[in-house]
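Consider the two complexes below, in which chain A is the common component and chain B and chain C are the respective partners.
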Partner chain A sequence: MFAQLKARFGGPLAMAMLTLLGMWLIVMVTLPQLQMIDYSLRPNLLPAEVGGPKDGWTLDNYVTLFNNDIHRGIFFKTLWSSILVTVLTLIVSYPLAYYLAKVATPRQAALCLLMLIVPFWINEILRTYSWFIILAFRGPLNEILLALGLIERPIRFLNGDAGVMVGMVYAYILFMVFPLYNAIESLDDNQIRAARDLGAGTLRTHRRIVIPHAKPGIATGSIMTFMLAAGSYAVPALLGSPGSRWFTQIIYNWFFEGGNWNQGAAYAFLLLVLCIGFMSLVMKFFKVGLGDIAK
Partner chain B sequence: MDGSVKLDEVVMRFGDFTAIEPTTLAIESGEFFSFLGPSGCGKTTLLNIVSGFLTPSEGQVLIGGEPMAGVPVNRRPTAMIFQNLALFPLMTVFENIEFGLEVRGVDKRTRREASERLLSLVALEGSGPKLVTELSGGQKQRIAIARALAVEPRVLLLDEPLSALDLKLRQHMRAELKAIQRKTGITFIYITHDQGEALTMSDRVAVMSAGRIQQVADPMTLYRSPSTGFVASFVGENNRLEAKVIDRQGERVRVDAGLLGELPGRAGAQAPLGNGQAAALYIRPEHLRPVTQGASGPQLEVDIVSVQFEGASLMLQTRLVASAELLRVQLGSELAKRASTGSFQPGERIILGYDPDDAVVLPDDGSPRLDEETGEVVETTAGTAGAVQPSGGADVRSA
Partner chain C sequence: MAFGLRFYIVVFFLYLFLPLIVMAAATFNDSRFPTITPWDGTTLRWFGELWADGGMWQALSNSLLVATGVLCLAVPIGISSALFLNTVSSRAKPFIYALILSPLLTPGVIIGISTLIFWRQFGVSGGIFLTVLGQATFIAAYVMLMVMARLQRFDRTMERAALDLGASQWQMFRRILLPYLKPAILSAAVIAFLQSFENYNTTLFVVGYDTTLTVYIASKVRTGLTPAVNALGLVLILITVAFAVIYEVKRRREQASLARLSRQ
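Then we have the complex of A and B:
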């Protein structure tokens, strides 16, 4: 990398750029993470006791999660729900991305992309809150369904995980659509035509030709969506009910309500491990490397 | 197995633009049929109409006598070989060839047997487990053929399948394609802008220009008796002399070629040639030969501008003394030998003659023709008789 930069910008400038990049990675990413890990391995002490005999490294904070049934339940529920959000987002995004990449005329594609992007000019909290209104017990969605005679009485959408799912799919759809779009777009049209010409129907053409080609895009989109979902705070806080708490909310509580940063750090680190674990699994499953994803 | 293809008054429009003018055509079962025409004349469009990727704006397509309206691409008894081949890069050679059979629910063993058989047909035994990305250009070409043949199509559609190959391989593949077609008896519809390909492989050729079929004939007829000016210039090389019809007796026509005087020729097939009509006389370079002064038959006096040695023949670029038009002459090996003993040098004045049966007279119908210098299609407006001054024709004697 240095050789490339040097060829383009000359030695001193290349050196300066790499130093800045390295500094940023160390100061903004690596050191804070290391400090988090350090925090998570120490007991929560009064300021006076820090550095005293009780101070020292211990795994107690991690053990807490495994002893606390409720927290453990929420941890795994967050995992499953995030996977579900990822799958739902993929199901919604794939046809959309395919339409944008291969079916729509350039004009239609531009219009459609604009309609997708414009809502994202609005703050995530407001966007999520609009779903809170739409899905409310006396909200417009229930009114419409009632008026159409599809339901007899209003449904409590926000009572459970459904609202959170809807909100998250909506919040993260672009992170799935764009990698998918890029992947599908790069597929030669003649591949699709050849498959059809050889007799393949729509489903098989997608299963054997389009989806295998789009694998890196699917992996990238899934990893991003999963990470955002697992680490989401606003959506579950606004659209979830007390019964559908997210693990991030527990972490938040440790930090800002329990005042136990050490415990919070341990939980946060576990969430990070979960995300990295998911990422490696997906990459293994789709047989793609980090290089394919960074494309 | 009836692999005949009929186009019945087929028209294709894209918005205001008519890509295919009304076209009616019958291709016989088991025929090697080519569409030949310059870029953009609508060849691919026509092929897409047969394969079902495009629905004609008007008219209908019949394959094996059955109307294809409403029959989607994946249900038609056709298979296409794409210009870029479109092999599936993530699959092995086996998987590529077997794809069409897999779609049809053929079991694994039968599939493998079929693909082994096809691999030996295209002389690539043993490369089944390879990834297609590991193959050379010519091998990919053959796999594409095998993949298309696997579905046992009644009609194979080929869209300039050889254009990506180098010259040597292209010539080799021509013979191979023709052999495969004979062996399988499948109707081949072949698209090309390369007349060499069309003439060497085809049973019949349709020459197209600007969305219109100009002539459908076997290669020999196409070459010997072009029916329009476009075909005369596009297929093979031709010298074109503008003229007016003096009179016609059966096949034989006498024309007034302006400054060149009166010349005899043969009336083109079905060409309506009335007395006094604007026409053009087409003489191929190989049909012109040097004659001695006073010999019988038509005589054209020319100055040799340049000489090109082409091994078996000698190509002369000459200029007509009377009209300053350029005339290309090809001399066979016997005459070419004389060049080594000092004959046919630039600047020499010679007299050319031809057999009137070899000179085709066609009405100057304003049909587009090829500009011989740029190779592009130009529209000639009817009735602009008189010699066209060739570009760069400053002084006749300067050579």
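Then we have the complex of A and C:
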């Protein structure tokens, strides 16, 4: 590999590039992950006990999760809720992506894309915070619903998982829209026209032509959305209540309140396994590779 | 059907922008809590309070420091990996490619946690330094993707022509390749800066007792919430929108010029 780089860029440059790449992949990407796994397999000891008789590899930190009903519940709730967020985001994004790719004129599409990008560039915290204001007990949404006579007293939106769901769909929608848009855009318009001419209705055209073609986009968008949702800390922290905690919050507590980093590392690794598992399933189901995702 | 779709698009964009408008509007409400209902009168005093908030300025300067550090690290790393992938063919390449992409598919909290744990053995605890390292870990991958996209359209005969005309490999890199990649590198730098500036998940774990602007906003939202947070949000939104528009216009121009080039 060095020889090929050297042949193109000369020795010093090739050396510098390989050093930067190696430093990144080894010191910043790989070793920290391995260290985290190693941590998760060791008991939480006092500094004096490290290397002593009590030190050694054990699965205790993983057993904790399965013995703790509350944590286990939160783990599975995070899993189901993240899947739900992914599906909701897909449903909300699909018509928009289809409109941008196939219905809108180039000018309209360009304007819409710009309008989509703007909120996406704004901090996740601020986007979530805006929902905090809207969904508040005495906030505008409750006031409007009261004024319209749809409800008799204000609803506590921020008390359950509903607020978290709304906030997450909002925060991650663009990670779904863009891959979908890219995938649908590459579909030949003639295929849609041909399907219509042959008598397929709207639903059937989508089910048999557009959606199969958009598979790589659906896969990429779902993987990104699920990963962001499962790994989200800000949205549940801002819009959730003590009763609707997210797995990331439990991890945070092990580190900064429980002071048990080993336990926290085990939980973090489980979260990573969850995301990798979801990604592999989706990639297998939609038959796409890593190369498709990077686009 | 077309009408239904158009109606949906309008509702969608309302959904997208209403929250931001509500948040911006709440900045001007003379109420102790950030809300627009009830409207207690219009005021500009929250901008004054924000201006006088020393913690905010400290957090802002930390954020700028971190973003600068991330730029210095992530941009060279991203360029190197793109050039590496563009040059090398080897059986290990798919594996290295997967490794390069992995930070993008890892939840941010986990990048933060692993960075924090790894550096503990060297006695480094959370702070600005670890925040830079943690953020650069995944931002470098974004830079790589953006540089790669332009590199794939690079005509390597230009490279060979330069060498045939007697340029050294360094001169070729400096005079041919870098100028060609410059637009991509600049946009990657802008994206990297923004990504760093608004990062929360990774930062949360590695920031230690320091505070960046996002961490500061989040802590304000949970404790001691006043519309001064909205004032800050509004300022950030305006800056971001300006950034986004300039960036988009530049990108469009570049694409148009590329299209013209390829037509010739």
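Simple rule for what comes next: the second predicted complex is superposed on the first by the 275 of 295 C-alpha atoms of A that agree within 3 Å, B and C clash if a C-alpha of one lies under 4 Å from a C-alpha of the other, contacts with A are read in each partner's own complex, and residues count from 1 in each chain.
The working rule: contacts are C-beta pairs under 8 Å (C-beta built on N, C-alpha and C of every residue); 3 or more make two chains touch, one makes a residue touch a chain.
Just so it is clear, the model here is predicted, and its values are computed rather than measured.
S.K.: Looking at A:L198 after the superposition, I want to know if it touches chain B, chain C, both of them or none. Which is it: first, second, both, neither?
M.R.: The first partner, chain B, only.
S.K.: May I ask you to decide whether A:G139 touches chain B, chain C, both, or neither, giving the answer as first, second, both or neither?
M.R.: Only chain C is touched by A:G139; chain B is not.
S.K.: In the superposed arrangement, does A:G56 touch chain B (first), chain C (second), both or neither?
M.R.: Neither chain B nor chain C is touched by A:G56.
S.K.: Quick one: is A:G243 in contact with chain B, with chain C, with both, or with neither? Answer first, second, both or neither.
M.R.: neither
S.K.: Kindly classify A:N123 by the partners it touches after superposition: chain B alone (first), chain C alone (second), both, or neither?
M.R.: The answer is second: A:N123 touches chain C but not chain B.
S.K.: For A:P106, is the partner it touches chain B (first), chain C (second), both, or none of the two (neither)?
M.R.: Neither partner.
S.K.: Could you let me know whether more residues of chain A are touched by chain B or by chain C?
M.R.: It is C that touches the greater number of chain A residues.
S.K.: Touching A:A16, do we find chain B (first), chain C (second), both, or neither?
M.R.: A:A16 sits against chain C, while chain B stays out of touch.
S.K.: Contacts for A:H213 in the overlay, against chain B (first) and chain C (second): which applies, first, second, both or neither?
M.R.: first
S.K.: Report the residues of chain C in contact with chain A in the complex, numbered from low to high.
M.R.: Touch list, chain C to chain A: 1-2, 5-6, 8-9, 12-13, 15-20, 22-23, 26, 34-37, 76-77, 80-81, 83-84, 87-90, 92, 96-103, 105-111, 113-118, 120-121, 133, 136-137, 140, 145, 159, 168-170, 173, 194, 198, 200-201, 204-205, 214, 217-218, 221-222, 229, 233, 236-237, 240-241, 243-245, 248, 252.
S.K.: Under the stated contact criterion, what part of chain B meets chain A in this complex?
M.R.: 51, 53, 72-75, 78-80, 82-84, 86-88, 90, 99-100, 103-104, 147-148, 151
S.K.: Report the residues of chain A in contact with chain B in the complex, numbered from low to high.
M.R.: 188, 190-191, 193-201, 204, 208-209, 212-213
S.K.: What part of chain A is in contact with chain C in the complex they form?
M.R.: Where chain A meets chain C, its residues are 1, 4-5, 8-10, 12-13, 16-18, 20-21, 23-25, 28-33, 35-36, 39, 92, 95-96, 98-99, 103, 110, 112, 114-119, 121-127, 129-134, 136, 138-140, 143, 170, 173, 202, 223, 227-228, 230-234, 237-238, 248, 251-252, 255, 261, 264-265, 268, 271-272, 275, 279, 290, 293-294.
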